[in-house]
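Two complexes, one shared chain (chain A), two partners (chain B, chain C).
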Partner chain A sequence: MQTALQKAETTPERKTKATWVQMKKMKGLYFMMLIPMVMLFIFHYIPMYGILIAFKNFSPGLGIWDSPWNNFEHFKRLFSDFLFLRALKNTIVISLLKIVIVFPAPIIFAILLNEIKNEKFKKVTQSISYLPHFMSWVILSAMVIEVFSPQRGIINFFITLFGGDPINFMADKTSFVPILILTDMWKEIGWGAIIYLASIASIDPQLYEAAEMDGAGRFHKMIHVTLPSIMPMVIIMFILRLGSILNAGFDQILNLYNPLVYEVADIIDTYVYRSGLEQFQFDYATAVGLFKNVVGIVLILTANAIIRRKSEHGIW
Partner chain B sequence: MNKYIKALSLAAVSGALIFTGACSNKEASNESKKVDVASLPKAGDFSKKLDLNLSGSVTRGKVEDGNYVQKRLEKQFNVKIINTKADTWNADQVNLMVASGDLPDTFAFTTGGKSAQELYDSGLTRTIPKEMLEKYAPRYMKMLSENPPGIKMNLKEGTDNEYLQLIGQYAHVDGLAWGPTFRLDWLEKLGIKPPGEIKQVGPSGGREKIYYTEGAYTLEEVEEILKAFTFKDPDGNGKNDTYGLSPYNNQIHWSATLMGAFGIAPGYNLMEDGKLVTTEISKKYKDFLKLMAKWYKMGLIDPEFTTLDNNKSWEKYKQGKIGYYIAQPSYIAMDDWAKGRAPQNIVENPNSTAKLLATAPEIGKDGQQGEGAYIPVGNLADAFYVSKDVTDEELARILQIFDYINFDNDARWTLYGEVGVHSDWEGTPEKSALKVRPEYAEQEGNSGFWAYNFRTYDKERVSWFQSEYTSKVKNEFYAREDVKEKMLIRPYKWDLLNETKLKDLSKRYGGQLTTIVDEFRMKAIVGEVDIDKEWDKYVENWMNNGGRETLAELEKAPKVSDLMKK
Partner chain C sequence: MGRTRKKLSLFDFLNMTGYILFSLLVLYPFWQTIVLSFSDANASSSLGVHLWPDRWITDAYEFVFSYGNVMKAYVNTIIRTVAGTILIVSFTVLAAYPLSKKDLPFRNFFTIFFLIAMFFSGGMIPDYLLIKNLGLLDNSLSLILPSAVNVFFIIIMRNYFMTIDKGIEESAIIDGANYFQILTKIIIPISKPVIATVALWAAVYHWNEWFHALVYIQSDSKTVLQIIVRDMLTAMDLTQNAQMGGGGMASSKLMLSNVRAATVIISIGPIVLIYPFVQKYFIKGIMIGSLKG
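Up next, the complex of A and B:
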C-alpha cells in the first residue's frame, strides 16, 4: 500500500525535475549524443524531402517543390508494366530463398566455429571466410563465370571427364538462381558470422558448466545453451533482413545475369537500372525506391509485432 | 515521454521539409528574351574582361588550373577561365550535376545527361540566337550550311532562329564503321581463297600481318568458312576447340554486317509490305535470327557468348579459338586507342603467327550488303549547351572561343600544342597522327589539351588523331564515296528535327522494349524458343508494351531521303 508521501514523490512534476537533474549530471554524454543526432537529421531526415519527386514529374531546373505533380503516374506505370511485375516476383523469390538458405548459414557457421578448439585453425578459417566479403561483385562475378564456364570451368571439366556434355550454367534458367544463392552464401557467410560469434562470446560460461553437470555433451550444449542464448540476436537480424526483402542483391545479379536468364533473375533493381536510372528518370526510380521501402517497413512492423506477441524478443 | 518523442520527430520532419522547400529553385523559367545583337560588342572586341566557367566534352575532370591552353586562351580572349573538374564520362556524376542544376557556363557531356529539349524545359539551358552565331561563330555557321539540314536542326519549337544547342561534325565516323575479319592463316591452312585482291595494312608493328580486300564472301560462303573454322581444326592442335563466330551479350555491333546482309540495321526502321516497322519486328530481322539460330545449332557460334560482354569477348578472341570477328578500320590499322581490342589483339605479340583478313561486308541472298550508318542522317551529332545563367555578353565571348578552338584549324595547339615543342608527327608530317610528348599531359592536366574543345572534327582534324594507316584503309575502301553510297543503311524515317514525341516515348517505354528485344534475340539464337512459333507473340508483346505508340509517332517523322536532300 502506497503512503501519501510516496504518491507525492511520484507526481509528474517531481519526475520531470528528477529527469532534468539526471540529464544535467550527464550533460557531457548528452552533448556527445547530439552530434550523431544532428548527423542523422541532416543526412537521413532532410533528404526524405526528396521522396516528393516520386509523385512528380521532376525537373531539375524547377527543383523538387516546383516540379509538377503527376497524379501517381509513376506508380500507375509500375503496376501496368508486366516486366516490373515479373521483376517483383523474381525479387521476392530470390530474396525468400536467400532468407531461407543464406540467412541461417552464418548462424550455423558461427556455432560450428565456436566448437573448434584449435585456436590457430579457428582464426585461419575465420580469416579465409571473410575474404570474399571484401571483394566487389565485379571481381567475384568474373571468378564465378570462370568456375562455371562450359569450356574452362572446373565443374564442366568433371562433367566432361565423366562423359557428360558441358552445361552453360550461367545461361540456364534452372541453375542460375541456385548459383546466385550459393555464391551469395560463399561471399557473406564469414562476415555474417561475426555478429553471432560476438553474441556467443557473451554467453555466461556458468550456463555451460551447469549443462555439463546435467550431463550435456557438446551437441546438447550447442542446441540447448548456445542457440537459445543467441536467439534474441538471430531474431533482430531476421526482422531487419525481412525489411530488405525487396533488395535481392543488385550488384551480384547485375554482374552475373544476361538476357537468357532475365525470366528468373531480372529483379526490381536491375530492371529499374535499365529502364529508369540509365535513362535519367530519377522520379521514376524514387517511386520504385519508395515502394520498396514501404514494403520493407510494413514487413518489419508485422514481423516485430508477431514476434513480440509470441516472445519477449523483438526490435521495439 | 512517448508524446514528446512523437512531437519531436514531427517537428524534425516538418523542419526538414520547410528547410529544403525554401532551398528549392522557384525562379526557374524557360522563357527566352529577345536579344539585341547590335548592342553587343563587335566580333573581336575583347576589351572587357569576363569570367567564364568552361568545360570540355571528352574530359575526365583532370584539368589543372593555370595550364598551357588556359593561359593562352585567357590572354587571347581576355577572359578568366574557371575550370570544371567533372568527369564527363561518369554518368552518375553527370546526372548528379544536371539534377542539382549546378552546371558550368558551357557543357557537353560524354555520357548521361538529358536531351536538349529536356534541359531547356527544365530551365537549365538558354537558347543561342542565330544572329549571334552569324556574328560570333561564322565558321560554325558555315559548317552547318555545308551539312544540311544542319541549319534546321535543334531549333527551339516554333522558332527558326533560336537554337537549343550547338552540334558537332563527325567526320571521324564517316563511312563504314565496321567490317568483318577472318583469320587469314586459318583460311590459308584450310585452302580457302580470299574473295579478292588482298593488300597489307602496313609494313610493320603487326600491321604487316593484317590484310584487307574490297571483295566479300556471300553468306553461304561465310557459313562454309565458319564450318571449316569450327570442325577442321584450323589451329592444328588436334582438338575440336575452335569456333567460327563469337558474339557478345552487351552490344549488338557483332552483327552489324551480318544484319546488313539482310538489309537491316539495329535500332533503325524500314518499310516492309507497305508498312513502317522497326528493324526488331521486321521479317528481315526474323530471317537474320533464324540464320543465327541455325549457326548456333550447327555449333558454329561459341556457346559461351551469352555470358561474355565485349571486353571479355576480346580477351577470349586473343586466346586464338575464334575465326571471325567484327572490326573497325582503326582496329585493323592498329591505332593506339584500339590496342587490346579484338581482332588486332591476336597479332600484337611480335611472335604471333596469326594473320587477319578484313573483307567487305558479307553479301546476302538478294545481293544486300552493308551496315547501319553510324549517324542515321548526315554526319552531325552530339550537343554543346549553354547554361541558363550565361548573359548575352558572355555568350558572345563564348561563341568566339567556341568558333576558334573548334572550327579554326590554326587552333590545333588547343589539342596538341605546338608541333615540335609539345607534340610530333607519328609518321609522315601532316599525313599521320600527332603524338603529344611524354612530358606533357596528353589530355587536360598541365597542358590543358582537349580540356575546352567540343567533339567536332572536319577531315583535317580527323587526320591529327587518326593514324595514316586508318586514313589509308578508309580512303581506299571504308569511306570511299561509292562504298558509302552502296553500303550504308539508313532508317526510312527519323525525327531529326525533334518534331515528334518519340524522345518522350523512348524514355517511357525504352527500357521495356529493349528488354523484350534482347531477351527474344538471345533465346532465339540459342534455340530456347522456336522463332517461327513464337514470332507473332513476340511482335504482339512488343506492340503492347509501347511499340504501337512508338510506331504511330514515328509515322509523323520525316523521311530520311527528304532530310538528306540538299
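Up next, the complex of A and C:
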C-alpha cells in the first residue's frame, strides 16, 4: 500500500505537477530576479553575440548580422601581425615577472607582520598598507609620474646627488617594466596579505607550543609552522594567479605607458584598445580580444578544476 | 603566543623598523602629492625630497575650483556614485534572494545563467558597439547600467542569505506574507553588514571607474573626476616634452603638476576621509567573498 503510494508520487507527471505547483507558489521570487536577468542579458549576453564580428568584415552600416564572413582572415592576420606578437610576448613577460616578484611579497609581508606582537602597530601598518588598493590607476599614475619625474622626482634627486644625470624613467624602455612591477607591489601588497594574515590567525596555537617544546626558535617556527600552515592558501592563490596570466594589468599600463615604451609595455589589452577604439578596426580588435578571452577562460577553468581536485573548495 | 619576554630582540627591532620604513614608502607618494598641490611652480620645479612646501599656498585649489569642468565633474561623480551604488545594491539583493532558495525549481539553471556572465564576456569592442547601438554613447546612463548587475556580489550575498535561519521566514509565510515583504521586512534588516559591504564596494568602484567614462562619454559637461585627472596625465606628456625643448609652463606661477596634484587630492579626499571608519567592512567583504565565494 505504502510502496504503491510512493511509486505514484514519483511518476513523471506527478513530479512535473509538483514542480509546477512549487513554481506557482514561488512566482514572486522569479519576478524579483526578472529585472537583474534582463539587465544581465542586455549588457553581458548581447555583447557575446557581438563577438561574431571577429569572423566578419564588419561594416557599421551593415550591422553585425549582415556584414560578410571573411573566412577567419582576422585570425590568420593575428599570427603574422608583429604588433600582436609583441603584445602577446609583453603580456606574458610582464605577467610572469609580476608572478615571480609580486606574488610572494604579501606572503612574506604577512609572515613577518605576524611576528610583531604590538596589536596597535600591526593594525596601523596594515591599514596604511592597503590604502593604495582603494585608488584607481589614474590617481596612482599621477603620483607615480611625480615620484619618477626627471624634474621633481625623489628618485632622480638621489641619482643627481650621487653625481648621475636625471633619467626620464617613464619614457625609458629598461626602467618601465621594473616600474610596473614596483608600483603593482605598492598597490596590492597590503591587500594581498589580508587573506594570508587571516589564515595565520587561524593556526592552532598548540602547534607553536609543541614546536617550542621541541626547542624551535623563532625562525624555525616561521619556516616550519607558519609557512606550512598557510601553504594550502598559497597554492590556491598561486593557481588562480596563473589562471589569469593573460591579465598583465590593463588599467595600470594604459595610464602609465606612452609611445616611447610601447615596445616593452604594449600588452594584448592595450593593443585591443588602441586598434579598436582609437583606430576603429572593430572586427580585428574583437578577434584579438577573443583570442585572449578564450585562452584566458581555458586557463581559469583549468586552474579552478585543479583547485577543486586538490582541495574541497573551488572559487564558487 | 604565551611569551612573557618583555625586551625586544634585535629581530623585533629590525622587523618593526622595516615596517615603519615600508609604511613611509607607501605614504610618500600621497604626501608628495599634497605638498605639490600646496606649492607653486618655482618650488616644485627643482629636484628634491619635497617633504614640505616652501610656503603653503592654495592657488592650485583656487584654480581647480574656478575651472568649471572640475566642479561639474565632481558633481557628476557624486551623482554617478550614488545612483550606481543604489542600482548595484538593489539588483544584488533582488537576484541573490531567489538564488538562495534551495527549493526554487530550476535554481541551478538561474545560477548558471548568472555565473556564465562572470567568465564569458563580449569584450571591449562588442561592449562599445552595444552601447553605441543602444544610443547610450555620451549618455550618463552608460556609466551605471552596464555594471548594474555584479555577479560576484550576487554570489557573496546569496551565500550570506543561505546562512539565515529558515524558521523565521516560514512562520512569516504562514502569516500570509509574500516573498517581497519577507525580503524587505526580515531578510534585509538582518543582512545589513553584508549589504553595507556590497554598497561600499560598489561606491568605491563607481568613484574610481574611469574606463567607461573614457570610452563612452565625450562631452565635458558629463565627464567625471577620473577623466579630468587622466586628461591632465596625457597633457603632462606634452608639457614634459615641451620643457625638454626649453619652453614649457615653468615660467607661469602654477604648473600643470600643481593643478593635477590638487585635482588628485580632491578626488581621493572622500575615500581617504571615510577610509578609517569603513575599512573593516572591506576586510569583512574579502573574508566572506574569498574562495567560498
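The definition used in the following text is that the second predicted complex is superposed on the first by the 207 of 316 C-alpha atoms of A that agree within 3 Å, B and C clash if a C-alpha of one lies under 4 Å from a C-alpha of the other, contacts with A are read in each partner's own complex, and residues count from 1 in each chain.
Convention: contacts are C-beta pairs under 8 Å (C-beta built on N, C-alpha and C of every residue); 3 or more make two chains touch, one makes a residue touch a chain.
The structure displayed is predicted, hence computed values, not measured ones.
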item	value
Larger contact residue set on chain A - chain B or chain C	C
Partner chain(s) touched by A:F282 [first = chain B, second = chain C, both, neither]	both
Partner chain(s) touched by A:E263 [first = chain B, second = chain C, both, neither]	first
First, second, both or neither for A:I64, with chain B first and chain C second	both
Which superposed partner A:I145 touches (first chain B, second chain C, both, neither)	both
First, second, both or neither for A:A110, with chain B first and chain C second	neither
First (chain B), second (chain C), both or neither touched by A:L246	neither
First (chain B), second (chain C), both or neither touched by A:I51	second
First (chain B), second (chain C), both or neither touched by A:F43	second
Chain B versus chain C as contact partner of A:Y208, first or second or both or neither	second
Residues of chain A at both interfaces, chain B in one complex, chain C in the other	45-46, 48-50, 64, 142, 145, 149-151, 168, 258, 276-277, 282
Contact set on chain C toward chain A in their complex	1-3, 9, 11-12, 15-16, 18-19, 22-23, 25-30, 32-33, 36, 44-50, 91, 94-95, 97-99, 101, 103-106, 110, 113-115, 117, 119-130, 134, 145-146, 148-149, 151, 154-155, 178-180, 183, 204, 208-211, 215, 226, 229-230, 232-233, 236-237, 240, 243, 257, 260-261, 264, 267-268, 271-272, 275-276, 279, 282-283, 286-287, 290-293
Residue numbers on chain A that touch chain B, as the complex places them	41, 45-46, 48-50, 59-66, 77, 81-83, 142, 145, 149-151, 168, 170-171, 258-260, 262-263, 266, 271, 274-282
Touching residues on chain A, where the partner in the complex is chain C	19, 22-23, 26, 28-30, 32-33, 35-37, 39-40, 42-51, 53, 64, 112-113, 115-118, 121, 124-125, 127-132, 134-136, 138-147, 149-154, 156-157, 160, 166, 168, 186, 190-191, 194-195, 198, 205, 208-209, 212, 218, 236, 251, 255, 258, 269, 272-273, 276-277, 282, 285-286, 289-290, 293, 297, 300-301, 313, 315-316
Complex contacts: residues of chain B adjacent to chain A	12-13, 16-17, 19-21, 23-26, 28, 30, 91, 95, 98-101, 112-114, 121-124, 241, 249, 303-304, 306-307, 312, 388, 506-508, 510-512, 514-516, 518-519, 521-523, 526, 528, 545
